[in-house]
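Here the chain labels run A, B, C and D in written order, and each chain numbers its own residues starting at 1.
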């Protein structure tokens, strides 16, 4: 690095973003999106290195023309070695708010987490991927934190089972949960995963031997679920966890008998 | 069709969806998604045949186990010959609400519309694509209608222009507008397109000859815009149209100097 | 249009693309991609208006610096009113080759086609979407034409059925066929659709009533197919049509018991 | 794990995949796709933990009905702790070939790699993402290995610069290289990155301060490149590296003045 050169050049380059603006429009969010960055995720079994995609924005006062885009990346880089959790993310947003002198900062971060999963009978182990997300907002008055997961499940149609002499159509479905938490909550992605996986007809595995395939085939047939059942089951699980302040849960089935999906969603806030 | 066979078989197949449910969870939205269907779009120059992708849902009472998925497709099929507009969509949602005996129906429909566009100097004509969407909701108490467009523009960076001795980085950006309207409003996608295209550094064309390329290159250089400028310009345009009740406008630049985007958004509601 | 103005301006703007190049590298393909354009598709029941996405390229001689991008769009615009078929596409490529003075032109065009489909028992009708593609190449020595479809099917796992006391996992799968034809062949997308849909456990429908759902559930259970079976069935169908010169067929199952796919593919050329 | 239970159950579950087939169709590739798995990537600065997406297939003899899908995942799991390189991938494919008793195995693996990158003047550092891929094939007779990268660059249009009094349209483009290598080659993704980044108008950075933005703006203006220039420049770079046996290189510009791309590609094999 050459600080002298940087200082000289900075002097020579006018700060257009710092100009004032007279259109009278406050900008709710301005910043960067689709920035992929290495992430160290805090998990119950220690930090896990993964790849995240970020959206980081600030609120911009009506009188300011622009924000300083490079400071978002600088802040991410400064937190690169921190094992990221909801709590750490709130800290990062407070730093960003200060660094950009902004009334509010918002973050959306999607990432993948792997867990080791054993097949139900053979107990053979392999890595199972979970799509996760942090959504957070930080201002002087208020901090908000939402954790999200998108979890594949098997769903077997109760109607198809009931009306057919044999068989029942089933398919891969996805349960998506966005759960709002206290910013200091210890609820993690694996808690949401557990709720999602209890809501369908069967759990999905990375590796199944024949004995396992037999098991999950019959398990799904024994536990038929509509998308309506899946979201209600997951909603009851989320309501039952006192750490959850509010949530949106959605189930989407990639119907095996159609080329479109069946979907259902429930929004809820603790009173 | 064989109505006797159908009647007999229907008799033999129990209606599982019609069972009662005791979990006490109202489902906000249940229905179908990712259904592609032919659409006849009402435009100022007459109906235009295009391809739409639909999400159609109803609210489901806490005591009912499931909805009847086939009725969504039946309703779409019944409206296949209607030139679709916001007003017609509200009619379709009322029919669907009745058909499914639901307190509320919601629709989200994305589609492409083509307009003929002349190059600025050579005036050569070609077809320009616009990504459009209808989002609508219908209950006895309240009807809501939102029209959306996603419009490509050129943006040239004011900072880059100011600090450089020559040149200025520019790129393709997208302005996304979601404008809430009175359900009977005559505001159409082309009105939103016009607002979006006045907000950037230059308009994007399907076909440019060299004289046209010269024109838009210099036009963009003469009108530098940050993402912040783009959303403010578009916000002013939307506020200025009394038919717009509220809106979200977002600008996203596919930055030519980074592998991530710059974004800005404004939400607004008329008081 | 103002031809005088255009001519004058063209005179004033040097043709950089027409410069000579000394790097000695022939460019196999240069042109445009991701251009969405209205398309009138020739079908057995008459022209169908739809939306296509094009890639159009030419081979560029090692001595020429650049091609003229606007001529691709001009050529598409000139053919906008033509009901497109393989034969018509070959004509368009010959025109493009002439217009760009190129040794070879290549096209790739993806589009959706709708057919009306009756449910198997209730015979209720709705529109079913098919993803189609044209891939073509034209030089003085040789014309090549490939038609493609991507067709959703239901597949029911033979292993799961055999090893389980009841039930069998099934899912949505996709059969993708790319069939090379004589450029004058009358084989169409619907011929490939028919072959693809005979290869799985059951056909997929846009609209099914309960009697239909019962039918397809049991039909799939009666006809279990691995991805290996699907591609072999489709391969036999394609080999059996003398109009097919060669093909690639691929089956991909969105496994209901995993979060990944099972795939199989066969390449074949008539000797 | 309970090996007794597994053995008993395996005994009870017939091996449908092992049945013989009489359709006479060899399957070129059968296996799994879209499996996301943790990957330890060998890099010049040591192993880097990242996330990969795999397609793994085998050739299946015409007389065999099916392959054993779980063995693909078992093999990946067995190599989970190995720092992956081209050489290691070839070893894994040999193991897989043996494990599935197959004449040939094929792999396609996409992943992201991060490198630390300093801005050109301020020298501020941040992480830059590179999209990479391994494509490999292994049979007794022949081993093949192809490394791929997709690299963002800035491209500034030579025509626009030449014909305009000021400014020049520019945009983000992508250079995609697939380079076939000797399976024992030490050429890595960063070698391909270097070739790709020398081919456009300017390099893309994760973090730029104003002094850096000024530098890259003017650098791009000083080095205008068409997509044709980009692929020729990259082709010369690849031909100049004796470790490269053959390649496909493609440039795609997200044109700032259009809503479609400009593309060019060159295929080449060393004689």
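Keep in mind that, in the parts below, a contact is a pair of C-beta atoms (placed from the backbone, for glycine too) under 8 Å apart; a residue touches a chain by one contact, two chains touch by 3 or more.
As the structure is a computational prediction, the values presented were derived from the model and not from experiment.
Using the mean of the Cα atoms as each chain's centre, the chain most removed from chain C is A.
With each centre defined as the average position of its C-alpha atoms, the distance from chain A to chain B rounds to 25 Å.
Mean C-alpha positions place chain B and chain C at a centre distance of 27 Å. Centre-to-centre separation between chain A and chain C, using Cα means, comes to 35 Å. Chain contacts: chain A has residues 12-13, 35-36, 129, 159, 163, 206, 208, 210, 214, 259-260 touching two or more partner chains. The touch graph of these protein chains is complete, with an edge between every pair of chains.
Residues of chain D touching chain B in their complex: 128-129, 152, 154, 156-157, 159-160, 163-172, 202, 204-206, 208, 210, 213-214, 216-218, 220-221, 254-260. Contacts from chain B toward chain C in the complex involve residues 1-2, 5-6, 9-10, 13, 15, 35-38, 49-51, 70, 73-74, 76-77, 80, 112, 114, 121-127, 129, 206-211, 214. Residues 13-14, 16-17, 21, 23, 25-36, 55, 57, 60, 65-67, 69, 158-159, 162-163, 226-229, 231-233, 235-236, 252, 259-267 of chain C are the ones touching chain D in the complex.
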